[in-house]
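Encoded as structure tokens, here's the structure I'll be asking about.
Think of it as A, B, C, D, E and F in the order they're written, each chain with its own count starting at 1.
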Amino acid sequence: MEGPYQHEASDSAYQFTKAAIAKGHEILRVFFYQDGVLNSNKLMDPQADDRHIRKQWSALAIENNIDFIVCVAAAKRRGINDTVIAEGFKIGGLGMLTELAIEADRLVTFRA
Amino acid sequence: MEGPYQHEASDSAYQFTKAAIAKGHEILRVFFYQDGVLNSNKLMDPQADDRHIRKQWSALAIENNIDFIVCVAAAKRRGINDTVIAEGFKIGGLGMLTELAIEADRLVTFRA
Amino acid sequence: MLHLVNKSPFESMSFEDCLKYAAKGSSILLYEDGIYGAMPGSAIADRMASVTSDYKVYVLKEDMMLRGVDKIMDGITEVDYAGFVGLVEENKTASW
Amino acid sequence: MLHLVNKSPFESMSFEDCLKYAAKGSSILLYEDGIYGAMPGSAIADRMASVTSDYKVYVLKEDMMLRGVDKIMDGITEVDYAGFVGLVEENKTASW
Amino acid sequence: MAKLMVVFRTAPYGGIYSFEGLENVLIMGAYDQDVSVLFIDDGVLAIKKGMDNSSTGIKDFSPTFRALEAYDIEKIYIDRASMEVRGVSLEDLVIEPEVIEADAVEKMMEEQKNFFIF
Amino acid sequence: MAKLMVVFRTAPYGGIYSFEGLENVLIMGAYDQDVSVLFIDDGVLAIKKGMDNSSTGIKDFSPTFRALEAYDIEKIYIDRASMEVRGVSLEDLVIEPEVIEADAVEKMMEEQKNFFIF
């Protein structure tokens, strides 16, 4: 996944997740890796007339009690750690993506 | 410019700047915008066997006393502010890129 | 199989790459900058017409609206995000 | 003018886009994934041979080494980062 | 006054490039420079009419393009072939750039003090 | 044991995709799954011999690709046409994948529980 604002991937992933929930699907997990980890940064502060991508995600995670995992290796490389990670997101290992691939009926990747 | 680690643009820009200094050129300014602002994050903590892109930049800025400007609007959108910005980098407005375009004999952009 | 293409066909090979591997009869959803491939009257319109005879081609309505693209070629089906989810229900998904 | 191309010509149109606008006789530097365009024996080798007769084509040595590309086509010149700086001294630069 | 140019060559919204390009045009205008704007390749799609962000909330920058003349930015050009390849005509656009041919592009770039491609 | 596959389709180093793909292969191996690896399009360039990062310091992942068999990952495939287009032959590669044709790709994907394209 690519970074929020830089590419549309974060917006598309958010809209898709919201639509899947609206249709009654269970979302096992949203896994953020590569530049996608930047979605979790609580310091994100876009212009007032633009959408706030991080807040959109946090609200979705909390309202629907979904597991949002931020890949630890990708996060460290990009300066994302516990001090800046927002509510609704948890740091986890890449193995949690493999677990998702083992368990999930469907897996959709939003890439640049 | 694209984000460090995600794309090679940050590495290329660093190698080019270093080579230009080695040839005796004066670097008026390095301007970080779009995902390039992520180069300035002092929380960046890559694996031990990989290069540390932010530290490379900080050392280059300090040793050569170069102006490294991080675009404020791009930075805020991506969660980069004074609390996470590393030594050698300063936050500045997009106008400083226009000033560079007005003053510099040569301007090179490293994009994805 | 559902193939997702999100790059402009005028700038990236990902649409053509996808077609090399996609089995005839499978589904292709154009979204993000991929939606430009659905515009009528472009230089790739003939190519797209032949693709629509071999594949089920869909285009994401929300990304068309955002980009001011309101006409699409015959043989391509508009879906919204709910329709996108529906396609994923029915198919494994490859992101190109 | 110096034109910088950093995308693989097998995946992106940026090399061909650049050629549409670049005046004959100007310089093109292939770097990052752009260096793959300099490999001999590829499907675009004939195209590249005709480009080298109209333009001065350079390829960045450091990016070749990183990618394990050690052979380049006749008519293309290898430069290192110091050579890249030299090309920028002599030319305004367009990043595609 | 320096001659500066911003070239748009990527599709809007998939990447942030056209948004950032537009921000740069406005800043250059505020610095009172001799600014040119050029649309080539997928950049011609950045000024399509009828953009509607109501279903995604992604910031729509069409109104800002429409306001360029109000910022005294009047040297606006578009590449004919790039429009034709995409089936786009001047009536489809929110502004009316002057149509140029591809071989004029490098000359325009050379005339600038500096330029940016987005 | 789930059938999982990682597909490499982008050039190395310009983007982080092939590096992340490789990390995923290793993790899947550690979870003791039935892992396949497939190289198509520019992905065939990710396993070229002779990579040398001494002048840039960018992490070279060739040694890890060479070690895949040691991790019991033995189902490794490569698309013939993708090699031909790039003038790459098996002797140019650090590992020796089984050569397949393009029309086998979607079938291989369908057989998996899930797969990733990098």
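Following the convention adopted for this analysis, a contact is a pair of C-beta atoms (placed from the backbone, for glycine too) under 8 Å apart; a residue touches a chain by one contact, two chains touch by 3 or more.
Computed from a predicted structure; not experimentally measured.
Counting hops only between chains that touch, subunit A reaches subunit C in a minimum of 1. Following the contact convention of this document, A, D is the list of chains adjacent to both subunit B and subunit F.
At the subunit C-subunit D interface, residue numbers used by both copies make up over half of all numbers present, so the two copies contact each other through mostly the same positions. The interface with the greater count of contacting C-beta pairs, when D-E is set against B-D, is B-D. Distance between Cα centroids is largest for the pairing of subunit B with C. Seen from the C-alpha centroid of subunit D, the farthest chain centroid is that of A. Between the CA-based centres of subunit C and subunit F the separation comes to 27 Å, rounded to the whole angstrom.
Taking the mean of the C-alpha atoms as each chain's centre, subunit C and subunit D sit 32 Å apart. Mean C-alpha positions place subunit B and subunit E at a centre distance of 26 Å. Of all residues in subunit A, those that touch two or more other chains are 5-6, 8, 15, 34, 47, 50, 73, 107, 109, 111-112. Shared interface positions of subunit F, defined as residues touching 2 or more other chains, are 13-16, 41, 56, 58, 114-115, 117. Touching of two or more other chains is recorded for residues 6, 10-11, 13, 17, 32-33, 62-63, 80, 92, 95 of subunit C.
Of all possible chain pairs, the ones that touch are A-B, A-C, A-E, A-F, B-D, B-E, B-F, C-D, C-E, C-F, D-E, D-F. Across the interface of their complex, subunit D is touched by residues 10-14, 17 of subunit C. The touching residues of subunit C, counted against subunit A in their complex, run 4, 6, 31-33, 62-63, 80-82, 84-86, 88-89, 92-93, 95.
Of all residues in subunit A, only 2-6, 34-35, 38, 41-47, 50, 54, 73, 76-81, 83-84 touch subunit B in the complex they form.
By the touch criterion stated above, subunit A contacts subunit C in their complex at residues 8-9, 12, 15-16, 18-20, 22-23, 25, 106-112. By the touch criterion stated above, subunit B contacts subunit F in their complex at residues 5-8, 11, 15, 47, 49-51, 112.
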